[in-house]
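What follows is chain A paired twice: with chain B in the first complex and chain C in the second.
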Partner chain A sequence: MSSLGKLVGRGLAVAGIGAAGVVGYGVYSPVYANDEVLHPPAYAWEHIGPFQKFDARAIRRGYEVYKNVCSSCHSMKFLHYRNLVGVAFTEDEAKILAADTEVEDGPNDEGEMFTRPGRLSDKFPDPYANEEAARYANNGALPPDLSCVVKAREAKEDYIFALLTGYRDPPDGVVVREGLHYNPYFTGGGIAMARALYDGGVDYDDGTPATTSQMAKDVSVFLTWASNPEHDVKKQWGSHMLMTLAVFTPFIIWFKRFRFSPYKYKRLVFRDQW
Partner chain B sequence: MFQRELTNPQKFRNAVYNIFMKRTSTYVTSLILAGFVGMNVMNRTVDGIWASRNAGKTFEDIHKTFPHLEPEDDD
Partner chain C sequence: MAEEEEPVDMKEVYEEGCKPKCGKELRAYEACQKRIEDDTTGEAHCTGQYLDFWKCIDKCAAPKIFANTR
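Take a look at the complex of A and B:
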């Protein structure tokens, strides 16, 4: 009975049980027929995969979509202009973007509040002064803050893309109440937000044709970055960590067995006498 | 005492021991140096894999497709 054989055998058994658990979880998670929502498909994002970073060009285009289309109703209160530096814009470009906005600051020496152009340290501007103003302007519905929206939805960026491109006429017999719009990917079918993305809605700086799906894809990647800014660094450090483990693990296993070998070959015999 | 001649792996292991591991000072020094070299090699390998698989997507390449933002002139 080779001890190395025993070790390999035990390792394979553990791996087999683990694999069965993963497959079971993936294949057998339930989808109920009375779910009032259509589950979005899994799209082939460019940042999926163990060695994939975000596409910085998509983040930049997505920021343009957010700025021109979404920011009139949706805030992103947890993002600052400095967060964009080194990700999609250089420092000077981010300063230009910030300077386009007006920020209330103060009080000054006379005790008055004043407005000044934005700086890198300022947050993204809030379209409404408070929640009541937001609800009043949107038929009682509050447009959610988008800083962490991708993390906050179960289907993550697939949901955002499907929702934005999913507006269609309701099927026969489905009635959506006045003020709501039909979207099968929104629970219940009726969403307060009207369709926002139409072909040609945005003029991209790099000349990409702005179709609905292109804009939806770019803004989804931008929002995914906003929710997970650590994504690229985390994955890359993960690679370093796994590589180091792969190098050290066989040595550690061998070294432990080397140190324990005297005790493994020792045999204690109890004699039948006092 | 007479002894058979050493095999090649034995000669190699003896040489490694005599050069690096006989004295603790040389052992620790060689360990630290090997750590530096190993870390360097691993960093270059992993970063190289990442760079080749993400070519064109990173922030460093962004100005190949996007023009620099200019401040708008207000007249």
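Take a look at the complex of A and C:
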């Protein structure tokens, strides 16, 4: 009888904790200031999943899209040409890409600054000299640096893809301010960036048909890689860890029991009369 | 490879195909359009219904889009 009472009591306690959790969640669940935004759906990325890696060809195409479309306004100041080597380009290819840019270097022996072709160790070139120049050229809006943009957005690569393909007519009654464009995935709806990707906007090296969603997907993968360059290695090490542990866990358990067996079976006898 | 075909973006095709599935949301949006037709305050808008409609479209179309890309 008393054990039954205990059981009931315990059940009530668990239920109480659960109820407190529900109430607590209700109180502390976040309330966003602006809910007038369309949350992007989860797209079927190839690199999502515990054993998935980036599609190197998509990164390569994504770099082409960034280079030809995005880079005229968006900087990627934390990326160097050497970062592309072994990821999406060979060393020679990356050297050619770098050599296409002009880098100010110096001073030389006469104390003058000079420009030279870029090298692998150079950063991706900035489209603007400083923030003020960027704002002046873009109607007061600052194009964000894209080095870590995927990490900086709530829905990650889903957001980038949805935003790039999500330019639509505004709903009835919504007036978009001059110089802005309507995009439901952007908080508030009015975004300074105009639609950048149109079918056939880029000529891919590998002949992939350059549809809007193809380009948006590729550039999203490229930006995801730029934000998480450690992604592939991390998952590789993770799976190595899990496999190694799976092999050694039985041995570790056996060894613990082996080592502890004297203590487990030891019996202390106290003689009160010596 | 030599043929010059205009690439077709399947995303819009899928979204168009999803519209019958989102009839409820579309009707709500159209009802809102009618409701605010002769609004003079300039405050009325249909953003809520619009976002509901596109959320429905996205949910329906999102799993298919990447099947047609590389």
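Before moving on, here are some points about what is shown:
In this section, the second predicted complex is superposed on the first by the 225 of 274 C-alpha atoms of A that agree within 3 Å, B and C clash if a C-alpha of one lies under 4 Å from a C-alpha of the other, contacts with A are read in each partner's own complex, and residues count from 1 in each chain.
In this section, a residue touches a chain if its C-beta (ideal position, glycine included) is under 8 Å from a C-beta of that chain, and two chains touch if they have at least 3 such contacts.
The shown structure was predicted, so the numbers you read here are calculated from the model rather than taken from an experiment.
Using the contact criterion defined above for the overlaid structures, shared-chain residue A:R60 touches chain B, although it does not reach chain C.
Look at A:L142: by the touch rule set out above, it reaches neither chain B nor chain C.
When the two complexes are overlaid on their common chain A, residue A:A194 makes contact with neither chain B nor chain C.
Within the superposed three-chain model, A:L245 lies out of touch with both chain B and chain C [touch as defined at top]. In the overlay built on the shared chain, the residue A:Q52 is in contact with chain B alone; chain C does not reach it. When both complexes are overlaid on chain A, the residue A:L97 reaches chain B alone and has no touch with chain C. Once the two complexes are overlaid on the shared chain, A:V233 sits clear of chain B and of chain C alike.
When the two complexes are overlaid on their common chain A, residue A:P184 makes contact with chain C while staying clear of chain B.
Comparing the two complexes, residues 46, 57 of chain A contact chain B in one case and chain C in the other.
Across the complex, chain C is touched by residues 36-46, 57-58, 162, 165, 168, 171-175, 184, 189, 199-200, 207-214, 217 of chain A.
Residues 1, 5-11, 29, 32-33, 36, 39, 42, 44-51, 54-55, 58-59, 62-63, 65-70 of chain C are the ones that touch chain A when the two sit in their complex. Here chain B touches chain A in the complex through residues 38, 42-43, 45-47, 49-50, 53-54, 57-59, 61-62, 65-72, going by the rule given at the top.
Chain contact summary for the complex, chain A toward chain B: residues 46, 51-57, 60, 86-90, 92-93, 96-97, 99-100, 205-206, 236, 239-240, 243-244, 247.
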